[in-house]
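What follows is one structure encoded as C-alpha cells, with my remarks underneath.
Order of writing sets the labels: A, B, C, D, E and F. Residues in every chain begin at 1.
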Amino acid sequence: MPYISIESGKLSAEQKKQLIERLTAAASEITNIPVQFFTVTIKELPDENFGIGGKSIDEIKRNYERKV
Amino acid sequence: MPYISIESGKLSAEQKKQLIERLTAAASEITNIPVQFFTVTIKELPDENFGIGGKSIDEIKRNYERKV
Amino acid sequence: MPYISIESGKLSAEQKKQLIERLTAAASEITNIPVQFFTVTIKELPDENFGIGGKSIDEIKRNYERKV
Amino acid sequence: MPYISIESGKLSAEQKKQLIERLTAAASEITNIPVQFFTVTIKELPDENFGIGGKSIDEIKRNYERKV
Amino acid sequence: MPYISIESGKLSAEQKKQLIERLTAAASEITNIPVQFFTVTIKELPDENFGIGGKSIDEIKRNYERKV
Amino acid sequence: MPYISIESGKLSAEQKKQLIERLTAAASEITNIPVQFFTVTIKELPDENFGIGGKSIDEIKRNYERKV
C-alpha cells in the first residue's frame, strides 16, 4: 500500500522502467513491506512547468547556454 | 474545501464526468460538507508511468498477453 | 493501481472507513477496475492549514462566529 | 527544500514563469527560507479533469455559455 | 478551482495565514481567476521527513551545528 | 529538481533516513541528475487513513488478527 510519486522532466521508457523497479525494490527492503503492495506513479513535466530557486528549468537552461 | 485527487490510466470523457460527480456526492454525504466546497482533479497517466509491485502497467499487460 | 487521495479537515474513524469503502466502490464501478487495485489515502489537515479564497478555514469559522 | 505544487487549467508560458517567480518570492519572504531551496511544479489539467461542486469545468463552461 | 499545495517544515500560525493569503492573491492576479476559486493546503513535515540531496533536513542541521 | 514523495505507515527514524538516501541515489543514477537537485518528502499516515481494496489497513490488520 505504500505510494511513491516521482515528478521530473521527460524520461525515456527505460528510465521509467528502472525507476519503478529500483525505487520499489529499495523501499520494500527498507520498510519490510512486500513489493506487491507498492504503487509508483511518474509525472513527467515540461521544463516550463518546473521551477527551482524561482526560475523555470527552461529559463535556467537558456541562461546556461547563453553563457557557454 | 476538501480536495480529491484521482490518478489512473486513460479514461473516457464520460468516466471522468462520473468520477467527479459521484466521488464528490459520496464524500459530501459522508463528511456533511456541501458539494460546492469540493475540488476534484483527475490525472491520467500512460501505462509506462504507473507501477505496481515494481512493474509498470505497460509491462504487466505485455506479460499477460504473452501468456494468453 | 488507481490512487485516490483525499485532503480534508479532521474526520471520525467511521467517516474515514466510509470514504475508503465508498469512493473505492464508486471509482471501481466507473473505471471497471477491480477494487483490490485501488489505494486510498486520507490527509487530515488542521483548519489553519487549509485555505479557500485566500482565507484559512480557521479564519472563516472565526469570522462566521463573530457575525452570529 | 519547501515544495509548492500548483494545479490549474491551461496556462501561457508567461503565466507559468510568473507563478514560479512570484510564488517562490512570496513564500521565501514569509518563511525566511532562501529562494534557492524552493521547488515549484505546475500541473496543467484539461477542463474535463478538473471538478468543482461535482461538475467538471468543461461542463460548467458549457452550461454558462448556454445561458448567455 | 486552482489548487496550491505547500510542503514545508513547521510554520507559525501567522506564516500559514500569510502563505494562504499572499500565494492566493499572486496566483489569482497572474491567472485572472478570482480568489474565491482557489484552494490552498499546507503540509508541515518534521525535519526527518524532508530530504534534500539525499540527506534529511534533520541530518543537514546536525552536521551544520557540529561544524560551527 | 526532481521531487519524490513517499506515503506510508509509521516509520522509524532510521527507515526514513534510508529512504531519503537510497531513493535519491537510485533515482539520481537512473536519471543522470546530480543528487543535490532531489527533494524527497515522506508522509506517514495512520492505518485508519490508508486504504487498499476498499478497506483501511487498520481493518485489514484487525481481520487478520481475528483469523489467527
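Going forward, contacts are C-beta pairs under 8 Å (C-beta built on N, C-alpha and C of every residue); 3 or more make two chains touch, one makes a residue touch a chain.
Computed from a prediction, not measured in an experiment: that's the story for all the values here.
Enquirer: Trace the shortest sequence of touching chains from chain D to chain E and report its length in steps.
Expert: Graph distance in the chain contact network comes out at 1.
Enquirer: Give me the C-alpha superposition rotation for chain D onto chain F, in degrees, nearest 5.
Expert: 180
Enquirer: Regarding the chain A and chain D pair, does the interface count as same (over half of residue numbers shared) or different (under half shared)?
Expert: Different: fewer than half of the residue numbers at the chain A-chain D interface appear in both copies.
Enquirer: Which chain maximises the distance between its CA centroid and that of chain F?
Expert: Most remote chain from chain F, centroid-wise, comes out as D.
Enquirer: Select the chain at the greatest separation from chain E, using centres from the mean of Cα atoms.
Expert: The chain farthest from chain E, judged by C-alpha centres, is B.
Enquirer: Using CA atom averages as chain centres, what separation in Å is found between chain A and chain E?
Expert: About 20 Å separates the centre of chain A from that of chain E.
Enquirer: Taking the mean of the CA coordinates per chain, how far is chain B from chain E in Å?
Expert: 26
Enquirer: Touching at least two other chains at once: which residues of chain B meet that condition?
Expert: 1, 3, 7, 37, 39, 41, 43, 50-52
Enquirer: Every pair of chains that touch: which are they?
Expert: Between chains, contact exists in these pairs: A-B, A-C, A-D, A-F, B-C, B-D, B-E, C-E, C-F, D-E, D-F, E-F.
Enquirer: Taking the complex as given, what residues does chain A use to touch chain B?
Expert: Its residues touching chain B are 13, 16-17, 20-21, 24-25, 28, 35-44.
Enquirer: Along chain D, where are the residues that touch chain F in the complex?
Expert: 1, 3, 39, 41
Enquirer: In the complex of these two chains, what residues of chain F are touching chain A?
Expert: 1-9, 11, 15, 18-19, 22-23, 26-27, 30-31, 33, 37, 50-52, 57
Enquirer: In their complex, what parts of chain F are in touch with chain C?
Expert: Going by the criterion above, the answer is residues 7, 43, 45, 48-56, 59.
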